Amino acid sequence: MKKQSKRVKTKSKRLGVWIVGIGGGVGTTVLVGTHFIKKGLVSTAGLITETEIFKPLNLVPLDNLVFGGYDIRTETVWENAIDIQRQTKTFSIEFLNQIKDDLDKIDNNIKFGTTINCGETIEKLATAKLEKNDMPLYEMVKIIQNDLISFKNKYKLDNVIFVNLASTEPFNEKFLNVPSANSLEELEKAIKEDKRDDLPASTIYAYSAIDCGFPYINFTPSIGSETKAMQELAIKRGVPHMGKDGKTGETMVKSNLAPMFIYRNLPILSWAGFNILGDRDGQVLSDPKNKATKIRSKDRILHNILGYSTYVHTAIEYVPSLSDWKTAWDHIHFKGFIDTKMVMQFIWQGCDAILAAPLILDLIRMADYSKSQGEKGLMKHLACIFKSPIGIEDHNFHNQYQMLMNYVKKHSFKD
Amino acid sequence: MKKQSKRVKTKSKRLGVWIVGIGGGVGTTVLVGTHFIKKGLVSTAGLITETEIFKPLNLVPLDNLVFGGYDIRTETVWENAIDIQRQTKTFSIEFLNQIKDDLDKIDNNIKFGTTINCGETIEKLATAKLEKNDMPLYEMVKIIQNDLISFKNKYKLDNVIFVNLASTEPFNEKFLNVPSANSLEELEKAIKEDKRDDLPASTIYAYSAIDCGFPYINFTPSIGSETKAMQELAIKRGVPHMGKDGKTGETMVKSNLAPMFIYRNLPILSWAGFNILGDRDGQVLSDPKNKATKIRSKDRILHNILGYSTYVHTAIEYVPSLSDWKTAWDHIHFKGFIDTKMVMQFIWQGCDAILAAPLILDLIRMADYSKSQGEKGLMKHLACIFKSPIGIEDHNFHNQYQMLMNYVKKHSFKD
Amino acid sequence: MKKQSKRVKTKSKRLGVWIVGIGGGVGTTVLVGTHFIKKGLVSTAGLITETEIFKPLNLVPLDNLVFGGYDIRTETVWENAIDIQRQTKTFSIEFLNQIKDDLDKIDNNIKFGTTINCGETIEKLATAKLEKNDMPLYEMVKIIQNDLISFKNKYKLDNVIFVNLASTEPFNEKFLNVPSANSLEELEKAIKEDKRDDLPASTIYAYSAIDCGFPYINFTPSIGSETKAMQELAIKRGVPHMGKDGKTGETMVKSNLAPMFIYRNLPILSWAGFNILGDRDGQVLSDPKNKATKIRSKDRILHNILGYSTYVHTAIEYVPSLSDWKTAWDHIHFKGFIDTKMVMQFIWQGCDAILAAPLILDLIRMADYSKSQGEKGLMKHLACIFKSPIGIEDHNFHNQYQMLMNYVKKHSFKD
Amino acid sequence: MKKQSKRVKTKSKRLGVWIVGIGGGVGTTVLVGTHFIKKGLVSTAGLITETEIFKPLNLVPLDNLVFGGYDIRTETVWENAIDIQRQTKTFSIEFLNQIKDDLDKIDNNIKFGTTINCGETIEKLATAKLEKNDMPLYEMVKIIQNDLISFKNKYKLDNVIFVNLASTEPFNEKFLNVPSANSLEELEKAIKEDKRDDLPASTIYAYSAIDCGFPYINFTPSIGSETKAMQELAIKRGVPHMGKDGKTGETMVKSNLAPMFIYRNLPILSWAGFNILGDRDGQVLSDPKNKATKIRSKDRILHNILGYSTYVHTAIEYVPSLSDWKTAWDHIHFKGFIDTKMVMQFIWQGCDAILAAPLILDLIRMADYSKSQGEKGLMKHLACIFKSPIGIEDHNFHNQYQMLMNYVKKHSFKD
């Protein structure tokens, strides 16, 4: 009986989704895909939370999501959708026409964000006037929190999930070492005193959301809620959060394949991976500073899974003609019996936004579920969705998936 | 204290290994590799049982193995080793020279086998006079058992493991349906009455070994000990056995990769795999009848892991110039979010015998261990080593490996 | 001055194109692509005759083509176009809508063809009632010729080019050996006496067209105008013709790559090629009888270019999910200095109809040009467009292209 | 009659070969391979000059070559050969043993070279004491010329060919712009006045050889005899020379494949090529300064063949485990009919030294032939062997090969 009442409640629940970078390829694909599914135009392929095993959790239906967010460009949702349709052919024009009204409505919920400490390459992408950039930090936080609360009130939302899909910020060791990274007290002081050189945009956003009690998801390699200070805040405010860097393509395959070599005691001599892609993300990554953040995230994985050091080379190159169709070639050189050298190669041809978008929806639903269960802090059971899952050392994809399955099973028999 | 005494015992144990097809590529590589390792010329790469986790089991040292077996060709071990060295360059001539004496000694333990019901293609490979072929079945069994017992006595062996590495027999549904396949009583009757059309060579060998109490390993896709009757016999005689068809290349990768698509809810639209190879095994598989047995073994796996039916095509072609360097190209077509079609391809370039040989040694040691533990019947914990593990439905490579790890851990803390 | 008058004439010329299999993927793509170009919606990529060097020939403009033809299915041009759009995404719906009226008009010029001697697999594809199938041959020829002449008169066409794009007929040695294959006299006798087992549909069509004085192009591996008898007819009637089997994908690459190994004296040890595709053509080729015709056409090329015999394996497999996106993997094993074995592999991912269609347009324009120049018989200068160019032994793609360039240059300076 | 006398002369001719970098992978492979062929142990695969068409030129037999040269390391020829055997398995130990005496004799003809202006990375490779480095330029030239003449006298050689196989020098625009690059007078002045910052080692060597009348071959991307001043010198001294940068792997394939896209009017959208290799050459190229010279040489080719600008990315990465087995993955994105994007990819797995060595022998024989014919200056007919053939604009491999064939044919009918 209790279970039934709960299910009813979930079905009528309205969940807000506030996305930083809502106009990007992944953000737009989340919006378009959700509405295609609502209209029954496409299958639910790619959504883990739509598989049988998740049924007992009664996650919020996709129909009940309401979208809003920040961007730094002026295009409308529709314009972004049409642009992707032209570039990647992943959307059908006929289907798009059927959801145009729904997409247009989202425009009302989109505001301009900030590019503070995002570096020149990202700043150049901005076509909107970013007024937040000129505010002191405490003001910026207040405005962001206002935006979130107004959004919640306007749509009478039960909860809002805050998602970071913005372009990768340039890597800067500093942001992990400043005092404000290491204690919540210092963090709050830094905001109050407007120490604007110490906080990247992703962390300002994360602070604003979590401080308000909204679950936070960081799908990018930027710092977001990774610091000790932010983790403290999440516990204090009773908020679930997780990140970082969605595991969608080459790295997913890597974390799946590397264990095989362990299972057969075939030492890896070298693993050279080359990624080519042509979307705005690729453009940002062609700046060596932004690329560093990404590759840092990719490289650690192999050493972790293998348990020994080997020769790893990972490259990301911008090839405009590919648009969002990221192609990766990995050459794996390994040693077998009698020290014989052998080779495995793979070629991955996937559309990045298409691979990422359903995972965002999975994360949103699971974050909302955690919140409803009174969980707080890192949602470690979601490790399998991230390249650099915060707080998790095991990068074996199978073990990570098992963790998620265990969580789901545990909660399935809970009520 | 108990543990220590046991370790001592294992160290002084002498284990016999009797291989059908000892002169083939895999057999020869087992012999050469074991002696290279004994002499410290090469690492133990490829051997699962040499990894840290297996230490507590005190498996029999590779130094204590004594080899013998059957073949249908007249070449000496040395001639076979030189031939492989020329074809695949996996052995070094310098190293071979250092173990020549050891290899020469094995020649004394090699006898001519039988090709009964092995089909024309295999028969054509035989260059030796196969006297067993003309005997009635009961006589053949007696001779085989005599060979095994003499081998054991001659070298004062503590145990003998019987391993089938012979060329793949042609697939014949009949051998699984005759009365002698389904009851031990009928099987023994068939032997007594010389129903020679009802039993393939692999089953005659398996019967002979298990009936004598010797653990049996079937590394080929042939029937061997797969029938209900043979499983009955193994239980009755208290003998561990396992098969079939070693998982060494494309199929290993398949059973490792397919789960990834499940973990992300990415439906497989089609999986087309093409294998090219050029060794004697490839020659035998170029006969459609023998190939059928192999492909049957390969195809079932995907459907099992995915849990739904998809379009699977698997081809094996004989390309002589490759010799034992089997190359596979797999094209995996899958569907993601918004029903978008994407592609992953892999190319596998491995030396078959090099991949198979260490697994044989792993199986031998584990079979001996099971026997010493009083286990009998199917060694299901070894499923991860086989394409068609008898008695195991789960083909997910990770789950299978976990089964082995669980077995090892359980036994590590046992004493 | 003469030149200018000619250019004017070409510009006002109306050229009919009569296609057997007009409703297939290639046929439909020819229709759609031509109209897209007319409307300026797409570039002229893929069309050789649109490159600079062809300018002086003043070929008939694409705007002046009028289409008609035969098919064995009842779908309209529009239905076929929409079907391809859904399957391969190569057409844009927006663009299609802009040419709908033009496509609809073509429906008036489409009649039902014949499947005589085309084998069961092709017969099964037929959804229309094929009345021609029941006529005696002489009647069938008369009707076909009537169709062509009515088409010409209806649109006041200056010339009509007859193009075979029908599914590959099953290979039957017989059709090349019957008396009617070897002398025109016997051929005409066979038609008169209705020896209907001796002529495949492709040859009946070719006879009808050439006998009427219409240039004939065979883009399929079927026999068409290949026989001695047909070649005699073309000379007698003063008609240019050419075939057979368009060189669009793997074979094109093969005939381009193989010479490289000659240029460096790197002997090919083996060349194994695997093609997977999923369109109706793939479906027909999944019948071993029809596949044989195709592979026969593909295999000869390598031996011809290399000048020595090597191990060649070519496979074509039907993988429905790929639709028209044919994917090929070729593994080329070669020997270098000190007899060292090395490997080159390529993967080709092309849309078959997209690769074929512009070549059809090139052939049509060049056939019309030849006719206008008073040329007759085989158009050997078009060899580079065919897998099995009739009358040409040299399969080196570069040499073949040079032949075309020489023809074009010769004719450029002619007037 | 005249012809016969000539053939006799060629057969008894003794040709000296002086190699800079004789101890490197390519140099060692030239030595080993030549002696394997002399002894009849291997075929002449890889040698263009051993194909039928070259017969009438009566090139100097491989048996008559005498080797010497410079290096900057202290290993003997035998040590180098054994090292390669271990790393790449391209030599057989059995065969090596049969030519050990011959290899040992070459040690007498090896002297230490110079690393002047070769950059730090190359300097670090030097294990020998390089006395030439401290000499003024005019002294250095004198010593080099002395070495060459002593070598010639010692073995009573009819001619000596000077070959540059040293590691790639770092690219420095300056060396092409200094006065000494642009006039022979200035060059000779620079040597006399010891302007040691203006000349890279490769040019000093080239000057020394050509000034003495010895044909010069530059198989590396270094400058060598490329400057206007050096070309002047070659004409003045009546010496044939050619370079630069041997076309052995990915670039060879590129210059073979790119024309195909022209032949079909398929515009290239992007061409991304990734090379991984692990030999000493790879180590040197891992220094960005040295890599620049190489990539500069690789990139120009595509634009030249295509005739339009496209997006080209070429990477070379050092992956030690591969040793000399260079592997390249090229992703070619192109546009077809109806602006459809399609993809071709290739993977090249070749052993660099094995691919290069026979071309060195071809060049040596052809340079000697040119000299014997009284030819001087650039040997443009050898363009097909170089990535950056000096004085040749056409990079189409087929056209380049045709140039060579034309030369050979012209000279075949000359006498």
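The first chain written gets the first letter, and so on, giving A, B, C and D; residue counts start at 1 in each chain.
The rule is short, and it goes like this: a residue touches a chain if its C-beta (ideal position, glycine included) is under 8 Å from a C-beta of that chain, and two chains touch if they have at least 3 such contacts.
Note that the structure is predicted; figures quoted are calculated from it, not measured.
Visitor: Once you count every C-beta pair in contact for both, which comes out on top, C-D or B-D?
Guide: By number of C-beta pairs in contact, C-D is the larger.
Visitor: Would you kindly tell me how far, in whole Å, the mean C-alpha position of chain D lies from that of chain A?
Guide: Going by mean C-alpha positions, chain A sits 51 Å from chain D.
Visitor: Any idea how many Å lie between the Cα centroids of chain C and chain D?
Guide: 45
Visitor: Cα centroid separation between chain B and chain D, in whole Å?
Guide: 50
Visitor: Residues of chain C that contact two or more other chains, please.
Guide: Those would be 343, 345, 347, 349.
Visitor: When you draw the chains as points and link the ones that touch, which shape shows up: line, ring, star, complete, or other?
Guide: Basically all the chains touch each other, so complete.
Visitor: Mind pulling up the chain D residues that touch chain C in the complex?
Guide: So the residues of chain D in touch with chain C come to 29, 32-33, 36, 42-48, 50-51, 90-91, 252-253, 256-257, 259-260, 263-267, 335-340, 342-351, 354-355, 357-359, 384, 397-398, 401.
Visitor: Which residues of chain C touch chain B once you look at their complex with the stated criterion?
Guide: Against chain B, chain C makes touches at 269-270, 272, 274, 276, 311, 313, 315, 317, 319-322, 327, 329, 331, 333, 341, 343, 345, 347, 349.
Visitor: Please output the residues of chain D touching chain B within their complex, sorted ascending.
Guide: The touching residues are 89, 92-94, 347.
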